[in-house]
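Next come two complexes, and both contain subunit A; in the first it sits with subunit B, in the second with subunit C.
Now for the complex of A and B:
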């Protein structure tokens, strides 16, 4: 009983157990779910939302919210496709140039939220429109085809014919992010800023610079996500990643990251992504309608939030 | 102990999830299939397999109304049909959905995508596994599909829309176009054809604005109000998507411009009905999306069965006027709705 209590006290363990139950349940509920091919598919389907959730989680932990990550990712897909498509740039140059531009986008967000102290939701709502507009102007509103076949490996390649390469990208990026945000000095500063920016500043933490780094981190995650998407769809479009923004907020919050900042961790957020992806894939395998999936994902999110709130009050 | 209760509650959530999903399966025929077919996860023994018919905005009535006819066409050819799509425009999710269908061992995919290239890689992968792929709505890059099932030449679809507008407002004056998502190639190609056709045949007509409504009726309403304010001499606002004409007409009513400004273009008949009756619109143009879905499904079944579909008249069951030119099939049927005939259509 004590052991069970211990597990129940640990958010990540509870969520892992939840994911495991879903996994077992879907394995019994559908003959198509527990197949190597499908399980590998699930790991691939995690990646884009996973990377966006990493981008979103950092900004939420710092007490803000970066609503521009979808537009930034979409802009990066357009840039990558344009550089490697009509401009026929070598792959390395195209990737580096897009990385540089995405970091500039992140710095703009960081400047607005950190140095000018504009509310992050308002600032990134503005930059979201700006980045989408830029993407639309560059792409003229159509999907730009990326013609570099070597580049397709990032989103379509499989190691040993099974393991999607994009899954490896997510694992490496997630481990790096967990270490950076949970263990590094900068990560601790971000948590403190998220808890109370005033206390952080009294503690001698450079608020402006650390917030700048948060938004640059989000931009880099968006850029990595853009690499996967551009490769997966062999092109770029100015609105392709927009639907992932709110899903990433849901996954982060479901994973235990406090919407008011300063609490929760990246591991929980990634498990949140796993749960969402399992529900989506498992229900497709069971033949349930897409509308029903939305109801269930919404209900799970609400129930978990309610249970957490009740637990918090009782404490 | 309290935590333990919460832990147990989480387990309950999982149980609820699976139960609801299971209920969803059995409840689906009544909710989504007017044909009352029994939908099962695995193909029925007397069926030859499953065909998945996918679209990119399943919440739009335009796509939702195609389900029953697609299922009927599939059943006629001996196949179960999974009719599904992403609730909203979400390309990464549509790709995941296609991948999920591949894992379900479907025999053929009938796919409508918001752009012609994004889904091509995953469909190419499907074709490599021997699955037949038919594109409908917007055509998909050739490497991603076996053939395209359409109504007629995509570019020509704008012509009846212009002709109906001319019947309403005459052959001169200002008009605007309200389109769906600005990045949708299907819609852009049609706008281009409309502009070309007008320049050639009705040079005194002038398109003064092209605005996006993002498949959002509220936005179409607001955009129309803005157009009316910005262009006081405007005579018609043409909807380039099936969900636009209704809210455009409502905005015309709200602005008190009935008789001065008309809503024209595309609409499903039921969405057009109130504005046809109020006089904010005189006609609406569309085809039957159900016929289109059925046409594409029948072709997919023929491909799987290896039925010969000759050039010229390909002998598609239920579509006597269909034509085939290479890997492109058309069924040549558009509809014009007016207040006199709108009640004859139920979608």
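Now for the complex of A and C:
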């Protein structure tokens, strides 16, 4: 009994089990699901939401929420497309310039939330509008084309003709983030600040600087996501990543990251992304409509939240 | 015993194994002011919270309001039954007008009727014999006047019992006189008042009866005329000395290891100076709000003092932030273990290593679980922390062991100066003794230990020198052997000592 409890209490294990169940279920339910081509497709579909969730998770763990990551990503797609398209910059220069600008965006968020201590949701609601506006002005509201053939590799390339390159990007980034947040001094400080910024203050943890780094981290993740998107759609648009923002909150929370901060881990959040992607891909393969998928994903999220709340009350 | 409007029988309250109220009985008659006195932590607030329905008492206690038994009291039910508590931080609506605040509960109709509201408010103020601008925004008037509004509201609630918790804490002396008049007017309405205060002169002015709580027990209850200043103080403190005195056994040293010169941080404290000699423990006491914790915050860099200098081992140090203070060898174990000390939901190990993560990194600058675990195990053995389980969530540890974990956090920094703020608050006697031994050991090893405590026996038992603060100034400095509980308490209460520094 206690052993069973222990397994049930291990969040990642439960979620992995759930993901496996879905995987097996869809394999039987649809003849098209369990094929190498489709499975590779699933891993590619993970990437954009996965990167956004990494960005979102860090800010949630720190006790805040970065709502501007979608706008930041979209702005970066517009910049990448403009730099490489109409401005005909070399790929490397365009990437570095976009990275620099995204980091500036992150520093603005970090300054507002860390140094001025403005509520992060409000501050990033403001910067979200700002970044979207900038993107719209630069792109004049339309999709900007970017036809740099070498650049397409990031979002369309396949290694050995099978493994999508973007999957490799996600794996490398995720492993790096997991280590950074769970093992580095900064990561630990983020957890402690998220647990209680007051206690952290009394423990001599530098709130301002650590929070600054959180939002710069989010910005860099958004930038990487922008590279994948721009490459995949061969262009940039000022609202292209907007739908990913709330999905990334759902995935993070589904994966066990506490919405009040200080608890949960990145591995769980990534498993959350996998579950969401499996549901969406599997249902596509079964020919279910987009609308139905929304209902199913919403229901799964609510179910998990309810079960968790009941388990918490029992304790 | 006619006209008893509130009666409490055998009320007990235990927080995680620690008894803060022990079979307390108390009654309040209509039209009387019954003062409730006792030291910090004697159980006054807990008792009030139970009567107000905010805290649940242990099984077995009984509360009667207006003759009817109140079971499963909630805050709303308590108000409905006629009990109003006016807390120190007055709980009113700062954005509403005086009239709106007073009549808020009365206005039951769907439509706000301004003239009716004003009429209700005026009526209540008339009973009290006070004039206030009904249209003034509450946030714009003085705290003293806000207090009057709170009382007026209690009257419109048709309260039978009004509890005033340190009502004069923020009042000017003119306002205090006004409050006395109002209390008399309110009494005349047949309302009973429970009056909590630390100020003895005030108590003798307003109280008809006085009850004294000490260590959660009711030790005396009689007419006010049966007491005098001295008797009251004796009763408040008069417990057997529970602590074994632990004084400096090293040779007296002239070496000053820590010094604060003329530190001022308005409005909390001003012109505070003291020195700490090697092997000494400096006790810092005074009432809550006397500026003790704020002084510690300023030394630790949590607050920026307006002026003043700090010297460690004769060297001047400027502290810019807590991070900076830790680098310079200053540690601070905060007063509120729950809100300022512990990272809830995290393991004991993680709580211990939180300040010293840089010492727990491996070759590639990542946190080494092995090193963290070793540190935690070391302290578990050294301070006999129970349970012997480094991975335990701190929330599941007892208060004494939580405190030991926090001590470990600071010991690991290897501090030159360690300020401990109410380190034994709410923990059992055994753990207290261990912490006292630990402080003594630290002092022996050359750490400058500053002990902030409201627990006078504790201060007297283990500090070598005692500073008493009152209203932001140091009013007394004595060598421990010469100080008595009564003397220290009197100075802390009245601020009547000589000004030094």
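Here is the rule we go by: the second predicted complex is superposed on the first by the 309 of 315 C-alpha atoms of A that agree within 3 Å, B and C clash if a C-alpha of one lies under 4 Å from a C-alpha of the other, contacts with A are read in each partner's own complex, and residues count from 1 in each chain.
By our rule, a contact is a pair of C-beta atoms (placed from the backbone, for glycine too) under 8 Å apart; a residue touches a chain by one contact, two chains touch by 3 or more.
All of these numbers come straight from a predicted model, not from anything done at the bench.
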| item | value |
| --- | --- |
| Clash or fit (per the criteria above) of subunit B with subunit C on subunit A | fit |
| Touched partner set for A:92, first subunit B, second subunit C, both or neither | neither |
| Superposition-derived comparison: subunit B or subunit C, residues of subunit A touched | B |
| Partner chain(s) touched by A:204 [first = subunit B, second = subunit C, both, neither] | second |
| Partner chain(s) touched by A:183 [first = subunit B, second = subunit C, both, neither] | second |
| Touching partner for A:161 - first (subunit B), second (subunit C), both, neither | neither |
| After fitting on chain A: smallest Cα gap, subunit B-subunit C, Å | 18 |
| Residues on subunit A engaged by subunit C in the complex (per definition of touch) | 179, 183-185, 188-189, 191-192, 195-196, 198-206, 262-263 |
| Of all residues in subunit B, those that touch subunit A in their complex | 1-4, 6-7, 9-11, 13-14, 16-18, 20-22, 24-25, 28, 31-32, 39-42, 58-59, 82, 84-93, 95-97, 99-101, 103-105, 115-122, 125, 181-183, 185, 188 |
| Of subunit A, residues touching subunit B in the complex | 1, 4-5, 7-9, 14, 17-18, 21-22, 25-26, 29-32, 35, 37-38, 41, 44-45, 48, 136, 139, 141-143, 145, 152, 156, 229, 232-235, 237-241, 243-244, 279-292, 294-296, 299-300, 303-304, 307, 310-311, 314 |
| Interfacial residue positions of subunit C with respect to subunit A in the complex | 302, 321-323, 325-326, 332, 334, 339-346, 350, 354-355, 357-358, 361, 365-367, 409 |
